[in-house]
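Across the two complexes that follow, subunit A remains constant while its partner is subunit B and subsequently subunit C.
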Partner chain A sequence: MGVVFYLISALAVGGALAAVLLKKLVHCALALTLAFFGLALLFLQLDAQFAGFVQILVYVGAVAILVVFAILLTRGSEVPAEGVFSKTWLVGLVIAAGVFAVLAWAVLQAGPWLPTEAAAPAVTVNDIGHALMSRYVLPLQIIAVLLTAALLGAVIVAMHEKERTK
Partner chain B sequence: MASPLSGYLLVAALIFAIGLAGALTRRNAILVLIGIELMLNAANLNLIAFWRYGPHPEALTGMMFAIFSIAVAAAEAAVGLGLVISIHRHTQTTDLEQMNRMKG
Partner chain C sequence: MIDRLDQIFVLLKHGILGYLPENWQTPVGVILSVVCIVGLYPALFALTTILERKGLGRVQNRIGPNRVGPYGILQPVADGIKSLTKEDIVPTSADSVVHFLAPVILVVTVFMGFAVLPMGRNMVLVDLDAGLLFYFAMGASTELAVFMAGWSSRNKYSLLGAMRAVAQMISYEVALLLSSVVVVMMTGSLSLVKIVEAQNHYTFGLPHWFIFTPWGFAGFLMYAIAGTAETNRSPFDLPEGESELVAGYHTEYSGFKFALFFLAEYVAMFSIAGLGATLFFGGWTAPLAALQWIPSWIWFFGKLFVAMGVFIWLRATLPRLRQDQLMNFAWKFMLPMCLLNLFVAGLWWFMGSGWMRWVLCSALLVLAYVVMGRGELRAKHVGPRSYRYAE
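Showing the complex of A and B:
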């Protein structure tokens, strides 16, 4: 639990807070990128190099750009006059605070039973590749099918229907 | 805070709660998707933290869970944003409080 952990956590939590609280959607997307980057650094801090770099590639590289594209395509950069929070924002805030209270209580209660310092696992990308190709090959194939279906579905859903109204 | 694991779990719980609050309180559909992405990321952080401090990290179970979860989240983001663009084309708005067509 060094200073580095607190700095990275502050980066991730601050980015998440800014992504939820800022008024302009483009600023929210940039803050979201910051939060993703902080989470990738937390993964690296946990000796999960592969997951950290996958996080940077997929989230900072692809999902953040996708969100920015969606904001620009829907003209979402204008701040609505009636405010950015819904009428029932207090209920949502209470629910979120309750969920955090329960989770934090559970973690703090479990504190003495959690494992203490463990040696960094010696897992290389080579091992991950072997596991993906042997033990986890069926989930890998299912994910491949899912990604193909999602790609086709996203294209079909967002495609412009030109001639149907005639 | 004796174990380093509890620090990571608390950060994950905080980010999850922030994402949930964003998904429940914002009016814009894209912001709701951003909140969902934050919640998924918090779950991934939990998986990686338990993998790192678990008894058998060489079995790679938590790591595989996190990687597959990242792939599913990417697919979900693509479909969700496609839906938002499609709804915007039909109704010219992304405000969730004006999307009440299916209201009885």
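Showing the complex of A and C:
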């Protein structure tokens, strides 16, 4: 358990660090994909097959491609001359440290309130499907409507621009 | 005896593992199966290349390769040696790390799909609870490898080819997933082993394959189209349209790296054909109850080769699509048909047994097909073709 967990964590953290530190934007996107993949492996290591595979399917398969397309379709694929690092990195560092501290504090404080279970619950994909279609059907439908609206909105935004250029 | 032959590979594996100490058996067993898969499919790939070149030759009224060995059957060996000994060229402006990683990632992700495919009775590497989801997750990861290959080459044609390939794969992946979902709805499981078991029943000597139902037939047709597009095969081979893009995303690859791309394309075809056989043609089950004595793995690989034959036949027959035709077809025809098919599958489930559901479900699908096809065609204004320079 221990060794595998640390290996996967190193992969995820290394990918995330590379995404922030690398200079070329496409390299950053690829490193981010590595971090996504590491997260998926973490889910799998926790026996969460559905979450793990969906993480790969959605994040590695779709979100990473979307990021890459966005980079290539805008001017961002070239390295700017004045360097990629912001001048106000000190402020950014302080804010990031503050956010991290709050999150870490919250996670550490949450320990006693979590239900203590002796064995890991065995949740199959079948159970998730039943839960989604019975107890959580309303949230599922609301999210579906929201996503459809977002999709239509995106199409309308894209169409509008096309007409204007005519 | 017949049972022995059916389980010959399983028994062989257990026989080998029997000589090993207890705690070695699981890892060595997994490694043995992986080595078999990784060895077998490249061998089939070599066989398919010669079949394809010979087959295309016959269709195009020529002989095809006939120099190496009797009837040219040793041509794949010559090709293999050639690609191994060729110089590996990396363009100076290329991004060497990404350029190197792209074919590796592509081949790895393509091979991962076989982990969950049942290739015979008890012949599956891992029977995952979410096997189908795993398969599609791995299939989705190949897109990134294609993009990496095209982008890292620093070549306009490569990048254009990669963008085309990725756009095409993203579009048809929706149809691929949705057309497979009907099978999951009917079996109530994402495990490919369970999906095969659900089809392993016979009435009057005929199997209960999902292809023999209205929703299964429509689902299979859409799966076949989307699968062909997903593997970038003709008529959907725009990403490597020779007349426009040299060779698409692998223009700047030579030697063994190019061979890896070639291998990945064919192994992906085997993989998508295997999944199609599993979902709609009962995987390793026999097409007639009377033929069940033939070993299950022969049926699986037989179905695989029939599918490869169809792939080759399609390539020889159909001209390449245009980019706008490709996208219109995916989003305006395939997607609505797939969604309707989901609805029809639900209807089929809730109507219970009886002949009414056959009539109603088939009628719905045929009606939608005709109406949508006519509508699309009417919007196209197909008229006599005019040639600007030839007349």
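Operating definition for what follows: the second predicted complex is superposed on the first by the 140 of 166 C-alpha atoms of A that agree within 3 Å, B and C clash if a C-alpha of one lies under 4 Å from a C-alpha of the other, contacts with A are read in each partner's own complex, and residues count from 1 in each chain.
Please note the rule applied: a residue touches a chain if its C-beta (ideal position, glycine included) is under 8 Å from a C-beta of that chain, and two chains touch if they have at least 3 such contacts.
The shown structure was predicted, so the numbers you read here are calculated from the model rather than taken from an experiment.
K.L.:
Should the superposition on subunit A be reported as showing a clash between subunit B and subunit C, or a fit?
P.N.:
Taken together on subunit A, subunit C would fit alongside subunit B, as the superposition shows.
K.L.:
Considering only touches as defined above, state whether A:Thr124 meets subunit B (first), subunit C (second), both or neither.
P.N.:
In the superposed model, A:Thr124 contacts subunit C only, not subunit B.
K.L.:
Under the stated touch criterion, which partner chain does A:Val26 make contact with: subunit B (first), subunit C (second), both, or neither?
P.N.:
second
K.L.:
For A:Val107, is the partner it touches subunit B (first), subunit C (second), both, or none of the two (neither)?
P.N.:
In the superposed model, A:Val107 contacts subunit B only, not subunit C.
K.L.:
Specify the partner with more touching residues on subunit A, choosing between subunit B and subunit C.
P.N.:
Comparing subunit B with subunit C, the partner touching more subunit A residues is B.
K.L.:
Just checking: does A:Phe50 make contact with subunit B only, subunit C only, both, or neither of them? Give me first, second, both or neither.
P.N.:
Touch partners of A:Phe50: subunit B and subunit C.
K.L.:
Quick check on the superposed pair: does A:Val99 touch subunit B, subunit C, both, or neither? Answer first, second, both or neither.
P.N.:
first
K.L.:
Going by the contact rule set out at the top, does A:Ala62 touch subunit B (first), subunit C (second), both, or neither?
P.N.:
both
K.L.:
In the superposed arrangement, which partner chain does A:Leu151 touch: subunit B (first), subunit C (second), both, or neither?
P.N.:
The first partner, subunit B, only.
K.L.:
Enter the shortest inter-chain Cα distance between subunit B and subunit C once the structures share a common frame, rounded to whole Å.
P.N.:
Once the two complexes are overlaid, subunit B and subunit C approach no closer than 14 Å between C-alpha atoms.
K.L.:
Is there a shared patch on subunit A that both subunit B and subunit C touch, and which residues make it up?
P.N.:
In the superposed arrangement, which is not itself an observed complex, subunit A uses residues 50, 54, 62, 69 for both subunit B and subunit C.
K.L.:
Under the stated contact criterion, what part of subunit A meets subunit C in this complex?
P.N.:
So the residues of subunit A touching subunit C come out as 24, 26-27, 30, 33, 49-50, 53-54, 56-57, 60-62, 64-65, 68-69, 72, 124-126.
K.L.:
Residue numbers of subunit B touching subunit A in their complex, please.
P.N.:
These residues of subunit B touch subunit A: 1-11, 13-28, 30-31, 33-35, 37-38, 41, 44-45, 48-49, 51-55, 57-58, 60, 63-64, 66-68, 70-79, 81-86, 88-89, 94-97.
K.L.:
Applying the document's contact rule, which stretches of subunit C touch subunit A when the two form their complex?
P.N.:
Residue positions touching the partner: 95, 98, 128-130, 133-134, 136-141, 143-144, 147-148, 151, 159, 163, 166, 170, 173, 188-190.
K.L.:
Which bits of subunit A are touching subunit B when the two form their complex?
P.N.:
For subunit A paired with subunit B, touching residues are 1, 5, 9, 12-13, 16-17, 19-20, 25, 28-29, 32, 35-36, 39, 42-43, 46-48, 50-51, 54-55, 58-59, 62-63, 66-67, 69-71, 73-74, 76, 80, 83-89, 91-93, 95-97, 99-100, 103-104, 107-108, 110-112, 114-118, 120-123, 127-128, 131-132, 136, 139, 143, 146-147, 149-151, 153-155, 157-158, 160.
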